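In the two assemblies presented below, subunit A is common to both, partnered first by subunit B and then by subunit C.
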Partner chain A sequence: MHSFIHFIMGPMVWISFMIFFFGVIFRFLKMFKLINEKEIFIYTYMSLKYSFRSIFAWLIPFLPVSTRKSPVFYSISYIFHLLLFLVPVCLLSHVLLIEESVQWSWFAFNDSVSDTLTLVIIFSLIFFMVRRIVVPEVKFLTKPSDFIFILIVGLPFVTGFLAFHQFFAYRWLVIAHVLSGELMLILIPFTRFSHMFMAPFTRAYTGSEFGSVRHAKDW
Partner chain B sequence: MKLKQCIFIMMILLFVTAFSAYSKEDIPTADNSAFKHPQRPAAVFDHDEHNEKANLEDDCSYCHHVYENKKLIKDESSEGSSCSECHPLKSSLKNAIPLRTAFHKRCKECHFKSDKGPVLCGECHVKKAR
Partner chain C sequence: MQDKDTLTTNAKDVIDEGVEKGLSRLTPEKISKVINQVLTKETGARFKAYVETCMRCGLCADACSIFLSNDRDPRFSPAAKVKQTILEMIKKKGKVSKLFLKDAVRIAHAECNVCKRCSMYCPFGIDIAYMMLLVRRICHKLEITPLYIQDTVNSHSATMNQMWVKEDEWIDTLQWQEEDAREEFKDLRIPLDKDGADIMYSVIAPEPKFQAGLIYQAAVIMHAAGLNWTMPSTPGWDNSNMAMFTGDFEISGRIAKAHYEAAAKLHVNKIVMGECGHAFRSVYDVGNRWIGWTMPPVKLVHAIDFYHDLLTSGRIKIKEKYKKTVTLHDPCNVSRGRGLHEKAREIVNILCESFIEMTPNREHNYCCGAGGGVINCGPPWKNTRMVNNREKKEQLERTGAKVLIAPCHNCHSGLEDIIEYYGVEMEVKFFGDIIYEVMEKEIYQKRRLK
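Entry: the complex of A and B
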């Protein structure tokens, strides 16, 4: 049992990060290959100016018109995406495990802060799930896989929350927590989670097309 | 029928957690007084019981080690002085291993090696009964 825990909390963490890292590089290479094969003409209107104009416009909360049309959804979405990154990176237990293995260390939240923020993340995910069932135009676009992806994101947070409070089956919850976290990291480059690093490029393309071709704003 | 089963299972879970919490009272813990704002309960640790189980009774210096100029002095032990006398709260040039890391590594590395004992956060930092 100890050697299994040692493996998933040691080498497997680095293996997951490597798969994530090389997966991202692979996805970028594949994207540029695809552009060169099928849509090389986009370079005629790709523009740095319009790319960054679009990226920055969409970074400002509630500047784009569509975000103002669904303020509740976008408020939750903004907070969720921020916390999804911030909570795991600034979690005391994570920071000290990294400090113990490679002597790097950075800011960490108090445990009670992380605890509350984790609940915010979990409730946001429940909101996204309910939205896919309740809102007709979203329901129309929803596939079963959408719920599976929400579950994959939720699992590390739910197991982490339950383990932190030591409600039951502590060791198994930590094992499930570690494995689900690693699963998510590995899946990021190869699933729609890739919008984590692809989103700026989607914006750059749309921004360039709207700016250079249609002479219009895209927000 | 199903609802009744659910309630029954939840009652059992409630009792189990209540009793396990009750039994955790008055367990001896490691001295964490050097930490100003400890975020977790002090680690569960019964010195004598641990050393009996781990066959460490004659080898105090295994944990109570002495380092001079970053070299381990063999067979010399530092019992009587507390860990925080050498290990600062934050790593410094004098001692690169801060107190928290020293505690964690001293316990976990040995437990992993010997395939015995607690290795996960909450297995030592057990939440006390409220």
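Entry: the complex of A and C
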């Protein structure tokens, strides 16, 4: 048991990061290979200026008309995506673990802040789940896998929260926390979580077409 | 007026002979072969990224006027159209039923205007119109394209114009307009095949077929502005392109090529085209790509751009501003497609005394409901089109304007249908109509009454 815990908290973390990292590279290589084979024209129409114009416009809250049409969803979604990165990266115990192993260190939230932010993430996920059940046009598009995705994202946060408060079964919760975090990392490149790195490209292409060919805004 | 609710539910029951006969000829092998051929050979990284990146968040729904017109029925959201067509084809590896295909034809041809508004509402910029055109491509290859639009493509293929206009009819129409106009304007000409002219003026085939007056107006404007212009007598004069909307890219490419070649043969500096949106999309954005040009090989000027230039440079002078209150419909293919909406507003302000904005407007304007080849699917689909255009009707009514300017042929016909069907009190006009009415023109001899 001890060696298992040692494995998932040691080498497996690095393995997960490697799978994530190389998985993303693999996806990019595949994408560029496909572009070179069939749609080489994409490079012709891609414009750096208009790609960034579009991406930045869409990063500004409530600039795009679409964001103003669904203000609640957008606000929650915006904060959720921001925290999804910030909380794990700036969690004091994560920062300490990393400092212990590679001597790098950076800013960390104090524990009560992280605790609150974790709850925000969990409530956002519950909101997304309810939205998928309640809003007809979203329900129509929803597949069972969409709920599984929400669960996969939620697990590391729920288990982390419970473990931090040491409500029960601390040891098992930590194991579940580590494993679910690793699972998510591994899945990102190979599932629709890949929108994390693909979305900027689809946005950039549409932004380029709208900007340099159509001379129109796309937000 | 028919009961709208029964029409919505009846959309599934529309009988289109072209679709029905096409379906009866299909075998399961042919269906899966064609679908897989298109999905594997004709798509690439873009399609893959779109399919794999969509998170099914449903934000595109609010972009679609057809979704809004159907009381937010979830089947009509852009992503739902993808789900009900191309995603299902991928999932079943092309092994889909004829019943499924019948629905797919309806969704892609009658329930999507390929207006690209949804790609402005998707946070990832996913181009759903592109995917609907892929469905149409599959329908074309399965030969189940709706009858009326297919007939238009057949006409393009045989005559290089969309209305079966014969060459002598074309020339005769131009000369008839010239003759008529010369009775009013001294030395007015519609110069045919004038080598080295500055401008080649091009129109869509419905103009010579039944709106010859528009050619008359254009000639008067050219004459008054003192321009060096010409029109080609040979095929290539029609800038319209319905094949682009049926997924018949081969013919679509031929049409655009004939158009550029007509201009090249005449050694003109630029092509000025009449007030048509889809034709602009064809020769400015789509046809050129099929024949290997990043951007069009000839300079293309849409009527809005052209009129703007004439009015701001003072080549055309306004005698007296147009009195009635007007509103402006931004055609998708020249606003979202070419950013001409600000120039259009400047023209309105030069020409008209009072102007009311339509909301939403500019890039965000709703499609007229006829675009993307939807109106060209003809009478079998007209009732469902009217149901799908309710949101547009409400948008028009909110302006309270009496005159609606629509600088696009497709929009014009579609908006007239809406006005008639819903009993909206509005009159649709082209910019050309208003310019002709308010411009300074030296009439040399009043037209004789016949």
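Please note the rule applied: the second predicted complex is superposed on the first by the 219 of 219 C-alpha atoms of A that agree within 3 Å, B and C clash if a C-alpha of one lies under 4 Å from a C-alpha of the other, contacts with A are read in each partner's own complex, and residues count from 1 in each chain.
Here is the rule we go by: a contact is a pair of C-beta atoms (placed from the backbone, for glycine too) under 8 Å apart; a residue touches a chain by one contact, two chains touch by 3 or more.
Owing to the predicted nature of the structure, the values given are computational and were not obtained by experimental measurement.
Considered on the superposed subunit A, subunit B and subunit C are sterically compatible, since they fit side by side. Looking at the shared chain after the overlay, A:100 reaches subunit B, while subunit C stays out of its contact range. Of the two partner chains placed by superposition, A:18 touches none, neither subunit B nor subunit C.
Rounded to the nearest 10, the superposed model shows the Cα centres of subunit B and subunit C diverging by 170 degrees about the centre of subunit A. The partner of subunit A that touches more of its residues, comparing subunit B with subunit C, is C. In the superposed model, A:218 lies in contact with subunit C only, and not with subunit B.
Applying the stated contact rule after C-alpha superposition, one finds that A:148 touches neither subunit B nor subunit C. In the superposition on chain A, contact is made by A:166 with subunit B only, not with subunit C. By the touch criterion stated above, A:6 is placed in contact with subunit B alone, subunit C being left untouched.
Closest C-alpha contact of subunit B with subunit C, superposed model: 35 Å.
Residues common to the contacts of subunit A with subunit B and with subunit C across the two structures: none. Touching subunit A in their complex are the following residues of subunit B: 13, 16-17, 39-40, 91, 96, 100-101, 104-105, 111-112, 115-116, 119-123, 126-127. If you check the complex, the residues on subunit A that touch subunit C are 31-32, 34-35, 37-39, 41-42, 44-45, 54, 58, 64-66, 69-70, 73, 135-143, 146, 192, 194-195, 198-199, 201-207, 210, 213-219. Of all the residues in subunit A, the ones that touch subunit B in their complex are 1-3, 5-6, 92-93, 96, 99-100, 103, 110-111, 163-168, 170-171, 174. Residue ranges on subunit C touching subunit A, taken from their complex, read 43-46, 48-50, 52-59, 61-63, 67, 72, 74-75, 77, 79-80, 83, 119-127, 285, 289, 294-295, 335-339, 360, 363-364.
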